[in-house]
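A short write-up of the structure that comes next.
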Amino acid sequence: MSQADLAVKTRRRMGSQRRREMAGLLFVLPAMALVLVFFLIPLCMTVWMSFHNWPLMGAPKWTGLDNYAAMLKDRRFWGAMEFTIWYSIVATIAIFGVAFPLALFVERPGRTTAIYRTAFFLPVVVGFGSASLLWAWFMNVDSGLFSPAAVAMGLTDEPVNLMATTDGVFWSIMVLVVWKTAGFSMILLMTGLQSVPHDIIEAAHIDGANRFQRFWRIKLPLMRRTLALALILSVAGSMLAFDQFYIISNGGPRNSTLTAVYWIFSQSFVSFKLGYGAALSMVLLVILVIISIAQLWLLRSPTGDAK
Amino acid sequence: MSARVNPLGRAAYHMIGTVLALTFIAPLVWAFLSSLKPAAEARLPPLPPWPTGSVTVENYVALDGYGVGFWSHASNSVIVSIGTVVLTVIISVLGGYGFSRFRFPFKSVFFIMIISTIMIPFQSILTPLFLILSKAGLQNSLFGLVLIYVTLQLPFSIFMMRNAFDAVPIEIEEAARVDGASVFTVLTRVMLPLVAPGIVTVAIFAFLAAWNEFLAALIFLTDQEKYTLPVLIVAVRSGRYGSVDWGAVQSGVTVMMIPCVILFLLLQRYYVRGLTAGAVK
Amino acid sequence: MLRTLTRVSALALAVGMGTAAAAQDTLTMWARTDVQNFLPQVVEAFNASHTTQVEVQFIPPGELVQKFATAAAGGSAPDMLSLDLIYTPAFAAAGQLADLTDIAKALPYFDQLSPAHIQAGTYDGRIYGVPFSADSSVLLWNKDLYAKAGLDPEVGPGNWAQIEEQAKAVRALGGDVYGYYFSGACAGCNAFTFLPYIWSQGADIVSADGTTATLDTPEVRGAVDLYRRLIAADAVPPSAETDTGSSFFSAFAGGNIGIATSGAFAIGILNTQYADMNYGVTYIPGPDGQPSSFGGGDNFVVTAGMEDMTAVGEFIDFIYSPEMQKLMAEFGSLPVRGDVAAQALEGLDTRYGVATDAMAKGRTPSTVVYNDIYNSATGPWLQFLQESFYGDDVDGSIMIAQETMQSILDGVQ
């Protein structure tokens, strides 16, 4: 007997179908109210605001597509967009480059392995704010860790001011991001690996597939869904990066590590151009949705059935 | 295969594992140990990380000198986090139960609507959120912040709780109803204990998200008395006349991360289960 | 009809709020952390002698504008602020500040108040900000290091050639001792201390009518080259490049810097907290010695909608009293009331004389987009400074900054 049939029976026994419907609606009402007020309405407002000159203080004025036109000439926005995309690509490759080996490493059962897994995952639960502050300290040329440690180990004679160069900031933050988020992707990938049915692997083994082939030809294609999820989460997370750049580099040096969200924040809440900030948000939103769809499409099932 | 069987391979495995594990934990330990140094020593590079002379709480005392005092800000953070946990749990239990066990018009539309909010980053709707909170008199209010955090947690939490209720055999509920229990009694007396693991998962995610959130707190809280810990400690780092008190930053970071680490170590099972629930479904 | 109705309800509301405000005897005030050396003393003195109590909150300078703007838009602004005077036009234009014209003009010594502050505080003919603290940009030099380097410790740099020469001489002491300091990643610090190098040549980066960016001039290039030469000569510590302002003061106070760009505020802190420091104060000179300075400081402003103007008036009158002017001077804020300035500075460090004179000669940019152009960490000013001081393509970076500034100015209609 299916659940639906049971539900029908249950309902009859309970009496009025309407009452049951009302109860269901009431149960989901608080959630729907919150989503409506704090999500759907703001979303529509963003679209509406993007057609206005909307100062933080004072009256908004309809300006049509002016904000979008201004955006085309906004060098710092496109610079930020370019940087954000570049950052997301490098971060995703770096995170997967670390998380995949880790996932293979902790895939096996065992108590010690569980300890390793916990250790690799621990940085994930520390907030991005705390982690960024930690890094801001490590990167400080006088009181921090990286430069003095490099000098102590004889890697360099002169102190290295990591904050001074784009590369210094970029790669330091990259190390932070990999350290902070690799554990997250690791768990997802590990789950994916473990969900591949054992008999399929066994069969491949008997057919003479070596370890590499079993991983590349069998496991990887079968965990496509997990892969897509981990990939989308990682790319979307990187595209929205803000905390670490706000706290560590302030978008510097020379605005070279300005991210898209940082620029939106700065235009909206530092320069008070809410309408323009909304238009920027719309563009970011569209780009994000396109990227997510593209990734889903790239990792779609080749046979067409999505399991 | 063979590598895992021979003892040499096993030794290598554990050696690599230990080194990697220490690497991942090192930054956290570094901050904690340095925070115990005297302020003058905390200003120097943390080599070695532990205090070479005496162990002090100087840096924690210094941290208390920022804002309106450490405990006020810590209690703001606790209020926001606990508030978020409680509200998220209540709303997602109700919602999850509704979506799992009832039929009503637009049910799937509503469900998809809630879940799809995960696709849209809240950073992109910050501005209207700010306007709405202002209109409602909830800007610069911890409660307003809680409402935002709860909304952000909803897609995951509702999904989680609906699955948890789905997994409970319907016969159990029926039996209770035959005994004449009301819908609400069935939920609170019968179902709740059965979905407790799901609730723990939802709660721990909500707590960590609220405890660590920075951007919304930075924008929506304008009154110093209301600052949560992340906002306070970022202000500490921006320095006062003189210079940045790195010792205070270290103690701040330590205070921020300890609850997260403890909570995770205690409830790890639920946390990881929550993560994987979405991955394999 | 509708209008009458609104007016009546507004009146009712005002009356209601008025009584509430009269009953409330605590005023909240925000200020940037820069004034933390003297504001608490003033407030303490006020609270001790008045029934109205003032409660102050200090906010990092980089966050004050954002915090105040969001708080004002959200209706949770403090009653009053000590606001960096350059922001007064922007907030007045947005209608967030209360009109203080009547209170200000009623002061018997109104015409003695700092003109730079009043000018910055005036918008559309009405006064929204009155002087609170004053700070002019100056150069500090370390007399002990000068003596060690074989320079005359009693004579500071008087022109660009001397700055270079003396900075290099101090740097020759070697080790951690450097010749010249500025906060390379701090937009506000350099508006305060680098603009005077441009002004002293009779130039500016924005045209007098505020419509055209004029960054692409030989004068700007000249000032940039001065800094480039100092950097190339290794006279500037490497950490200066990334100092976001947290070491603006402490670098010099540490005792290893020969010449530092700074402000009058530093005199107060050095004297009260670093008594051993042996230093001199001089003007920021032009290439041939013409002094210039940024007339900065804070305006006292009141949030729009504030009803209890009597208490506000009390506070204003209090801060202009000779005693308070003296107290503030002692802790690093120059007097803002001309007729008691001499009295306030009497018996105090003579080095204040230079700073007071610099203030009188000082200029204050007045624009509603001050933050966008100068102070923002993501603005064109900081990008220009960093690229032109440390980059390879000076002309290119000047051109880009010029364009960005122009587009911001064009955005103001």
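Letters A, B and C mark the chains as written, and numbering starts fresh at 1 in each.
Going forward, a contact is a pair of C-beta atoms (placed from the backbone, for glycine too) under 8 Å apart; a residue touches a chain by one contact, two chains touch by 3 or more.
Quantities reported herein were computed from a predicted structural model and do not represent experimental measurements.
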Higher number of C-beta pairs in contact (A-C or A-B) found for A-B
If chain centres are mean C-alpha positions, then the most distant from chain A is chain C
Note: chain C sits from chain A at a C-alpha centroid distance in Å of 40
Distance in whole angstrom between the CA centres of chain A and chain B is 16
So chain C residues touching two or more other chains come to 66, 70, 73, 244
Listed in rising order, chain B residues that touch 2 or more other chains are 130, 219, 244
Within chain A, the set of residues that touch 2 or more other chains is 142, 269
In the complex, chain C touches chain A at residues 65-66, 69-70, 72-73, 91, 94-96, 185, 238-239, 241-242, 244, 371-372, 376-378, 382-383, 386-387, 390-391, 400, 403-404, 407, 411
Chain B contacts chain C in the complex at 130, 133-134, 137, 139-140, 219-220, 222-225, 235, 238-244
In the complex, chain A touches chain B at residues 3, 6-7, 10-11, 13-14, 20-28, 30-32, 34-35, 37-43, 45-46, 49, 102, 105, 108, 112-113, 115-116, 118-123, 125-131, 133-134, 136-138, 140, 142-145, 147-149, 152, 179, 183-184, 187-188, 191-192, 195, 211, 226, 229-230, 236, 240, 242-243, 246-247, 261, 264-265, 268-269, 274, 277-278, 281-282, 284-285, 288-289, 292
The chain B residues in contact with chain A across the complex are 1, 4, 14, 16-17, 20-22, 24-25, 27-28, 30-31, 42-47, 90-92, 94-95, 97-99, 101-105, 107, 110, 113-114, 117, 119-121, 123-132, 147-148, 150-151, 154, 158, 170, 173-174, 177-178, 183, 208, 211-215, 219, 230, 233-234, 237, 244, 246, 249-250, 252-253, 256-257, 260-261, 263-265, 268, 271-272, 275-276, 278-280
In the complex, the residues of chain A that touch chain C are 55-58, 70, 73, 75-76, 141-142, 159, 161, 163-164, 250-255, 258, 262-263, 266, 269-272
